[in-house]
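Both of the next two complexes hold subunit A, though its partner changes from subunit B to subunit C.
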Partner chain A sequence: MKRIELTNITKRYPGAIANSAVGISVDAGEIHALLGENGAGKSTLMKIIYGVVKPDEGEMYWEGERVQVRGASHARELGIGMVFQHFSLFETLTVTENIALSLPKSDVVSMESLKQRIEEVSTRYGMKLDPNRYVHTLSIGEQQRVEIVRCLLQDVKLLILDEPTSVLTPQEVDTLFKTLRKLASEGCSILFISHKLDEVRALCDNATILRGGKVSGDCVPRETTTDEIARLMVGNDTPLSEEYKKALGQEVFLRIKALSFQSDDPFSTTLKDISLQVKSGEIMGVAGVAGNGQEELLNLISGEEVCDASAVTFAGEAVGNLGPRQRRELGLGFVPEERLGRGAVPDMSLANNALLTAYHGDLVDSGWINSHKVKSFAAQIIEQFKVKAAGIDAQAKSLSGGNLQKYIIGREIIQAPKLLVCSHPTWGVDIGAAILIRHALIALRDQGAAILVVSEDIDELYSISDRICAICDGELSPVDEMKNVSINQLGKWMAGDFSPLTNQAVGV
Partner chain B sequence: MDIELITNILFATIRTGTPLLLIALGEMVCEKSGVLNLGQEGMVLMGAVVGFMASVITGNLGMGIIAAVLAGALMSLLFGFLAISLVANQVATGLALTIFGTGLSAFLGASYVGVGIEGITAWHLPLVSEIPVIGKIFFSHDPLVYLSWVLFGLVYWCFKRTRLGLTIRSVGENPEAANAIGLSVLQIRYLAVMFGGAMAGLAGGYLSLAYTPLWTEGMSAGRGWIALALVVFASWKAERIMLGAYLFGAASIMHLVLQGLGFEASPNLLAMLPYGATIIVLMVLANDAIKAKLSTPLALGQPYRPQL
Partner chain C sequence: MLFKLEKRPSDSQLMAYCSPLLAVVLTLISGALLFASLGHEPMKALYTFFVLPLEDLYGWTELGVKVAPLLLCAIGLMLCFKAKVWNIGAEGQFILGGVGGGYLALQLLDVDAFWVMPLILLFGALCGLLWAMLAAWLKTHFAANEILTTIMLNYIALNLLYFCVHGPLKDPDGFNFPESAMFSDSTLLPVIIEDYRLTISIYFALFAAAVVWTFMSRTLLGFQISVLGEDHSAARFAGFKEKKLIWLVLLVSGSLAGLAGVAEVAGPIGQLNPYIAPGYGYAAIIIVFLGRMHPIGIVFASMLLALTYMGGEMVQMDLALPKSLTGLFQGMLLFYLLACDLLIGYRIVRAKSSPIADQA
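Presenting the complex of A and B:
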């Protein structure tokens, strides 16, 4: 029997059609993938099912009957559970309190009995959880478990997961898949949203692929090659992947020596005895699940946080106590994770945003801004990095995430930094833009710049890094050349196990 | 100082701290839901003048109190409509409410200045008020003081133990998430704002009907502002608000006592004592960064727009 069926769903926003005549159906006990690039309309479709967004046209059938979902609580009454990409959890409450809030009042007899139910369910599905912990003390993977357990406690019949693996280590992904398979074997339907094709092929029974708001194809992932599915996602104009030569690098440019650091922010990670060297002419990749100290480490390299002068050196010069501006003058380029607000000022024009970090070139002459040069510099970035924007006067916030990222990375690269530090360079960026960005990073490396890339995207790190390491709970794993680090080894590093693999598997 | 003087000081401390306790508890609930209402001063004044007028007209103090509570709640409803439904800037709307309340209360109460009434009288609780010293300090007050303790207990219990408390906190921490799990953010915020208004109105009624039974323009004397600061420095915790309110009461009394004892200092400097002492003590208490961050409503002051 069909658990849910949507036919002919259309949703228009001013200036864009998010969904155009989309149809999808999921059987009981089926794991169904919904694939697509950013902006393909996946999220809108999910929100329509969950009742958060109302479609302009189209019908939805739930277990054979036509329904109109009035909102999140109605969806949950029907038996639809959703795990958002950005969790809807309250950090200052405990696990039990968080779950209690989302259950119907009549379901929460006492906190004690709820705690027991949480422990039962989490053990049964292999997701260990301590009901008494505060959510802000949990890792991202554990927070996701809270979301899933919360759905399971409500006898969920359809579980929607929005890019659930993007925040997990490979081992955590395995655990999650086991849980999902067990759930499906008990008759629960699962709608799995992703753009990671390998995972979809490993887990899902069927897949619906969206492109530009329309269904571009349906397939059985196990019987379809990754390339075929990727074609359906991106269309025919974009190359799918590129291979890059590995480089060895020359002299060490960035040297971090025995750096320990504790920030004043109680929610931050303490860095423990970190040592790392990045050579000119190489790309160093730092893998790790977000929140393990990447932010703190990057702040110390960019100069937003300061430490002992000698703990951080650029080409032998101690810079640990210098601010961002002085470090930039010594050749640093920095691309932060947050594009709006840190990489760019949302309300300012692209031209002014170019000036934000390019002030020490000839754009500024003894305090006076040469606006003519600023404009041509901005135009150069737009042209060279194929930024889709209304022009150099467009506000930064009017650009899509991928285009703004191209602009920010372009701004740094054109200044020819000696050291470029990039946080999540292609996070939330579609395949075409991601390839352009990776290409530019490789080109900069070949010009002799030292590059440090922090990313959660393991495929990306494998593709561009020359050497790699991982960060976990403020500690850095050993560093090795990419070709010596297997995916299993990297996964162990990301989980904080820095011992060498017993069964030495070489290669990817 | 003899025991009688100390008893009297402590008795007066509680009386003086009560309006502050009421306002601050109301504002705490309001802020816990993520709404910053800077209109306390205006709502207190409206409560004071409407309560006073109602009891003069009806000759019934109980009616006066009810009218004061309603006046405060109505004022906050106006704020809620602008700041929650119309998503106006909360700071500007709150400031406007204070200015509006100050002006309107002066206008309404113009002909009531100098009118005298018999204020709410003390209610000596049977048996316990007979206990020496303690009975005089704690159990010889007017009914509104006892009511403030009941309300304190309710608010404390609500945030410690109940689902309602969790709901209010969740709306104030992450309204988007609260909406996603099916809570009605706007409804909860409205109720919290109106609770804050009712409490401010009640405090106004206490001032004009019990504390000093008369009406004068601007008689709240900045208590609304002090209460706002109190909520922040008390890290949004009811028990610390109570401590801060009574500390303020004690310091206010002490500066009168010190003057009475012929203490050699400018009376203006002494009059600063309650403000300074309260804030310093609470700042020291709030010095634990982790706890402070955990109790702060993260979405405070941020308007919430439901998704289309």
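Presenting the complex of A and C:
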């Protein structure tokens, strides 16, 4: 008897079919991967299992019986637990209080006994957790543990994890995997949603791969190569990966010197004594789990926040106190993390969005917009970066995430910046678009631009960066050439341990 | 059968244009019901309200008399609203323009020179600008919400007007009526057609509409205003200066409203009295939304709102109904417009029940 089985699930949204006749089944004690690119229909399927979304067609069987999940609380009653990508925790409450809130009243006899149970469960599964700590003092990895423990306290029979590793350092990933394996050995089924193939191959017994809302294949990941799985995910028309030559930069273009900064926002990270140099003709990668000061650092480089003039220099020129406009005139291009609502104006046309940052070139003549040139510039971006859009008059919000990102990056790159700063350049972007974007970054580097990439995607940083460092709690790790930095070293850096490499003799 | 609202994948351009028309139709239907419930034949009453005022040349020139101030106020407000600066203070800026220009006109009653008229207009516009400047300063320095400050400034302006016509600017030979002396010919705007009240201020209004249209569609500064209104963080990201833009839109809108005010007192009214502002500054808000924030639309919407003023007077004369029907029609228009605008981003679909869905 299967723990859970879904047959023929179809869910239509206006203008799109999220799931089309999808079937999936998970045994007791099985770790099952659900693989697919963004937009393949993974999230919809999960939400259907968890009762948040109702399918248009299809059936769901729970331990052999047909069920109709009425909602999240019904799902929890059945024994389905889910850990979302974005946690739903109250930062001002303690771990115990947060967990107490989500349990049925009858389960919470007293806070003391609950604390004990939390400690019991967390030690048993190797997830160290102090029940008295306030959630805002926990790292992201620890917050995820709170979510998992919360599910475990309710005798969960199926645990669904939505891209759980995207917020973790490599070491934290290892700990999580140990926990999951132990859970599975005790009979709990796990549905592991991801697009990272290596992890899936390391952890999962079986995998179902979705593409475009349909099941494109099932496999046993351990017996299947990464390339074969990737092929099922992206289809046959997309190249899978590319190797890039590493480069050594020339002169330093961006120099940040002993920059400490605290913004007015009480929830922001304070930057502590950051020094960083990015040379023309190289790509500098900054790894780190989100929320460790990346945003603050990028705002200071883009000019959206200002600081001491001499703390930030472009090719020797002090720019720390200049706004974004003047910095752009000095050769800055910037690709922010938020695409809609910062990188692009959602309700405006692509043509107008082209003008958004390209206004200091010849598109504007003494204050007057040359709409002819704006249109041809927008058309050029669309053509050169293979943006799928209805045309230059399409609203930015009508584009898919990947296409909009191609458009934004294209807009910045065509302006031939001397320094390009990218935040999470391929986050949520399908593999085809990601490859195009990485290719464009490498090409820009080879033309002699200095490039700074901030990303949580370690694989990506390894593939494109020439030098790398990590940021943790507002502090920057040492910087080294990519080839000298092992994944373990980078993980230590991301966790804030900046002690020198033990095998440093190999490098420099 | 149930219906539900469903988000459209992208906004409907068609609905954006149809929504004001639909709002007008709904207003007319409600108006007809209203007239019927008051015991009047609906079609005849609507005819009296909306058609009768425009039966002759006099009616059309009077329409122009009302379009001019409405259009001037609305064009300025359009700039503000494009930047999502919610200036509700056109009324106060209008009054200040009237009081300031009126004050100067009263000082220059006996001067007959070519520069008198332009000077009065400039001064009136300047007074409106200064009034808006207060709100701009409060917003940019103290982050004071402009909706509140401009509304409060409206009341201060109105009481300032009352003070002036009851006190310092009262006509000494006016039998103690709260009115100023009548302005002299050299301080009055020239009329376009002899014996009618329509002055050249209608040209100012149309000119302002044309200039603002060009400004918004062709210049980088206009583009920056649109971006600021659409998306705050994109404007920051692109390096547009938010405070500078807020100052710009408020000052332009203040001076246009001020110009409307001075052109009103130095035009059709010809003196200062407590009734110089019949709510043009508020009606202009409706006009901007009804006109889809586009100068052409705003011109037509101004004509419609101007007509509601004339229709109100007409039904008072012909059907002995209260003139406050004007406000009622204006309110209904805005109400229906806001409701219909929902359909730009959403559409109505039949709610289907899915086979698995149950009593969720």
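Criterion: the second predicted complex is superposed on the first by the 498 of 508 C-alpha atoms of A that agree within 3 Å, B and C clash if a C-alpha of one lies under 4 Å from a C-alpha of the other, contacts with A are read in each partner's own complex, and residues count from 1 in each chain.
One rule holds in what follows: contacts are C-beta pairs under 8 Å (C-beta built on N, C-alpha and C of every residue); 3 or more make two chains touch, one makes a residue touch a chain.
Model, not experiment: these values are computed from the prediction.
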Fit or clash between subunit C and subunit B when superposed on subunit A: fit
Subunit B versus subunit C as contact partner of A:L93, first or second or both or neither: first
Touching partner for A:S275 - first (subunit B), second (subunit C), both, neither: neither
Touching partner for A:V52 - first (subunit B), second (subunit C), both, neither: first
First, second, both or neither for A:I369, with subunit B first and subunit C second: second
Which of subunit B and subunit C A:S102 touches, first, second, both or neither: first
Partner chain(s) touched by A:G71 [first = subunit B, second = subunit C, both, neither]: both
Touched partner set for A:Y359, first subunit B, second subunit C, both or neither: second
Touch count on subunit A, higher of subunit B and subunit C: C
Smallest distance from any CA atom of subunit C to any CA atom of subunit B, in Å, after fitting: 10
Residues of subunit A that lie at the interface with subunit B and also at the interface with subunit C: 71
Residues of subunit A touching subunit B in the complex: 52-53, 71-73, 76, 82, 84, 87-93, 97, 100-102, 105, 108, 134, 136, 264, 266-267
Residue ranges of subunit C in contact with subunit A within the complex: 6-11, 218-221, 223, 226-227, 230-231, 233-234, 236-241, 354-360
In the complex with subunit A, residue positions of subunit B that touch it: 163, 166-167, 169-170, 173-174, 176-183, 289-290, 293-295, 298, 307-308
Contact set on subunit A toward subunit C in their complex: 14-15, 54-60, 68, 70-71, 302-304, 323-328, 334, 336, 338, 341-348, 352, 355-357, 359, 364, 367-369, 371, 394-395, 397-398
